[in-house]
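Look at the two complexes coming up: subunit A is in both, with subunit B in one and subunit C in the other.
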Partner chain A sequence: MSLAQSPLGRRDDLRAAFGGYLLALADDELVLGHRHSEWTGFAPDIESDVALSSVAQEEIGHARLFYERAGDLLGGTPDDLAYGRAPDGFRNAVLVERPNGDWGFTIVRMFLYDRADAVRLDALAGGPVEPLADLAKTLRREEKYHLLYGEQWLRRLAGASGSSKARVQEALDSAWVEAESLFDPVDGHEGLVAAGVIPTAPDAQRAMWSGQVDVILEAIGLRVPEGRRLPKGRPGGVDGHVRDLNGRAGRHTADLRILLEEMTSVWRTEPGAKW
Partner chain B sequence: MVTQAGPTEQAIWEVLRTINDPELPIAITDLGLIREVEVEGARARVTMVPTFSACPAIGVIRQDIRARVLTLPGVEEVEVELSFAEPWTMKRMTERGREQLRQHGLSVPPRLGGGEVTCPFCGSTNTTLENPFGTTLCRAIYYCRDCKNPIERFRSPSD
Partner chain C sequence: MPALMELLGMTQQQASHIYAVFRQDTKNDPHVHVGEVHATDAEMALVLAKEQFARRDLCVNLWAVPMSAIAATAYDDADIFEPSTDKSYRFGGSYREQQRVMRTKRRDQR
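Up next, the complex of A and B:
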């Protein structure tokens, strides 16, 4: 069954909103995949180097699959969508565009993100849009390795001696608010939930995520940060201006612009180039 | 009017059996990547189930399939579609495929899942996981405590 034959049917509003939602998922995977790939050659040991490179390869591959399906609804090839948009056209959560910082932040972000990804893949897998449900079930099996890997490292860092635990706690505290924003809605999200296209509302998904994450953090001996979530995002610097950040609405940090400038440089020099 | 007969599904399957995975020395049919072959006149349609959806070899395999099936008499169009309707599991791999991967030096799980990680060099099961990620998405790295060799273990997506 194609997307057109699904419950999205002839509802243009739902098709546009769902295309936007898939774009957000693809952007999350692409941008985080790019961040993970920055560890290639620099990770703390050779095993982590191989692991992060593999996870990066996989996230970027998943992004491609979501871009294909977003393109079916919105137009454009995966390359057009990945390389051809300005930063404010990206719908990724701000969390994934933050620079890697130290290994602790990378692991904390990976753990929080992959847990969130699992929740939304579960929702899509149980949804009525068959091609997306099939895809979500496939990705979920692959992502399980990422989940285990992130959790294992988190446990290791939290249980290590010296400043390790304090640093990982600090990373957790700084990532927390933006991790909650992974569940911020895209344009038209309410309509998608009302029509049953996405079976679980963002707040319910966030609550599921938080429930799972809290249990693991407590078991590992880390403090669950206080919910400091501000409804309209939080102030941050964008090109020197302070404004509300909201990745799902295209309001990003300067870090995304820098990342995209690097990532799209070949494509911009020679559009359509293959390498 | 004389119409040329299109290819048979069987002829296409035979061609597919001669195409190897670019990263593993086994045929894509032994790896269980092909789900269905359909023929409609001069049009052939091959449905593929990738082991890992992000495997970078998928593009090469699709190209290979297209190029090779197009050499069959009567074929004018070849479509290679990816399907996620049913997952790739070890069950899709043939016994011959498993044996070829073992010959290649990989440790290979049984087709019905589970099983200990056996060292392909000395046969010991005194092995330990070094890294759930390896040189390709479908491999993990183990270590043999008896013969002290690192082991590449074929892995499938997790259930």
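Up next, the complex of A and C:
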């Protein structure tokens, strides 16, 4: 059964929001997968280089599967959706488009993101939209390794001597508010929750994520940063740089535009070409 | 018997960050040495080994063994493996062929 034929997928009133949510999931995976792939050849050791390159391939593979389902509802092939949209058409969270920075930031972001991804996949896996629940269950198998890799690296970096711990703490502080924004709603999100397409509301998912993440961070001696203390929904510019950004609404940094220009450069030479 | 790290001219410090990796293709196969990874500890060695040695082919289990734990024969003593008289009557060529056939069968059944 395709998504568009499922009972909730057939509802016209949900179609735009449902498609938008699937795009947000796909865009997160694609953009972060691309960031991971930028480490190929540059990671701290060859083992981590190979492993992170595999993770990058897997995230991009997951993006493809979400784009297929988004395309069922909104039209377009995965390639059209991945390569054919302008930056403001992207629904990924700003966190994943941030440049890699150092290894500490890369690992912290990976840890925070994959924990969040696990929470939302768990929700979908238990949800009523069968094709999506099946997909979520399949993806969780590979995500298990991503969780392991990020967390084990983070433990080592936080437990190492010298500047290592200070650098991951700094990375954590800088990533935190944007990590919370991973749970920001897409357009029409409330309707999706009300209809049961997404079984849990964004705030509940964020609380679940925070509960899991806090325990691990405290266990490895990192300080959990202050969250945003704002009315629900909008990032409020706690440290200045998130003020007007909202990836889920298509408001991105210039870094996403640069990333997409590079990522789509081959496709744009001959759109629609078969390889 | 010398330690493997001595044979390779490594210090204890160097060897303590190198783990030999063994992979098992199916539950009925022996673990086979497939290479090494650099890692801070055994747990991290397994995390890294999964992508180094299990991404191109299915496997069911990995072992990581600290290099410093491995004893080895010396290459200078390799003549202990050389027979002085004709031992062709006990060479096991057919055993190896049988293993190859059985392994393929086990994989197909998995």
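Rule of thumb we're sticking to: the second predicted complex is superposed on the first by the 253 of 275 C-alpha atoms of A that agree within 3 Å, B and C clash if a C-alpha of one lies under 4 Å from a C-alpha of the other, contacts with A are read in each partner's own complex, and residues count from 1 in each chain.
Please note the rule applied: a contact is a pair of C-beta atoms (placed from the backbone, for glycine too) under 8 Å apart; a residue touches a chain by one contact, two chains touch by 3 or more.
On a predicted model such as this, the values are computed, not experimentally measured, just so you know.
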| item | value |
| --- | --- |
| Clash-or-fit label for the pair subunit B, subunit C on subunit A | clash |
| Touching partner for A:T264 - first (subunit B), second (subunit C), both, neither | neither |
| First, second, both or neither for A:R156, with subunit B first and subunit C second | second |
| First, second, both or neither for A:D134, with subunit B first and subunit C second | first |
| Which of subunit B and subunit C A:S54 touches, first, second, both or neither | both |
| Which superposed partner A:T40 touches (first subunit B, second subunit C, both, neither) | neither |
| Which of subunit B and subunit C A:Q212 touches, first, second, both or neither | neither |
| Which of subunit B and subunit C A:K144 touches, first, second, both or neither | first |
| Partner chain in contact with A:T77 - subunit B first, subunit C second, else both or neither | neither |
| Which of subunit B and subunit C A:L65 touches, first, second, both or neither | first |
| Set of subunit A residues, in rising order, touched by both subunit B and subunit C | 47, 50-51, 54, 145, 148-149 |
| Interface residues, subunit C side, partner subunit A - complex | 37-40, 43-44, 47-48, 50-52, 55 |
| Contact footprint of subunit C on subunit A as seen in their complex | 45-48, 50-51, 54, 145, 148-149, 152-153, 156 |
| Subunit A contact footprint on subunit B (complex, rising order) | 52-56, 83-85, 87, 130-135, 137, 141, 157-159 |
| Subunit A - residues contacting subunit B, complex | 47, 50-51, 53-55, 57-62, 64-65, 131, 134-135, 137-139, 141-142, 144-145, 148-149 |
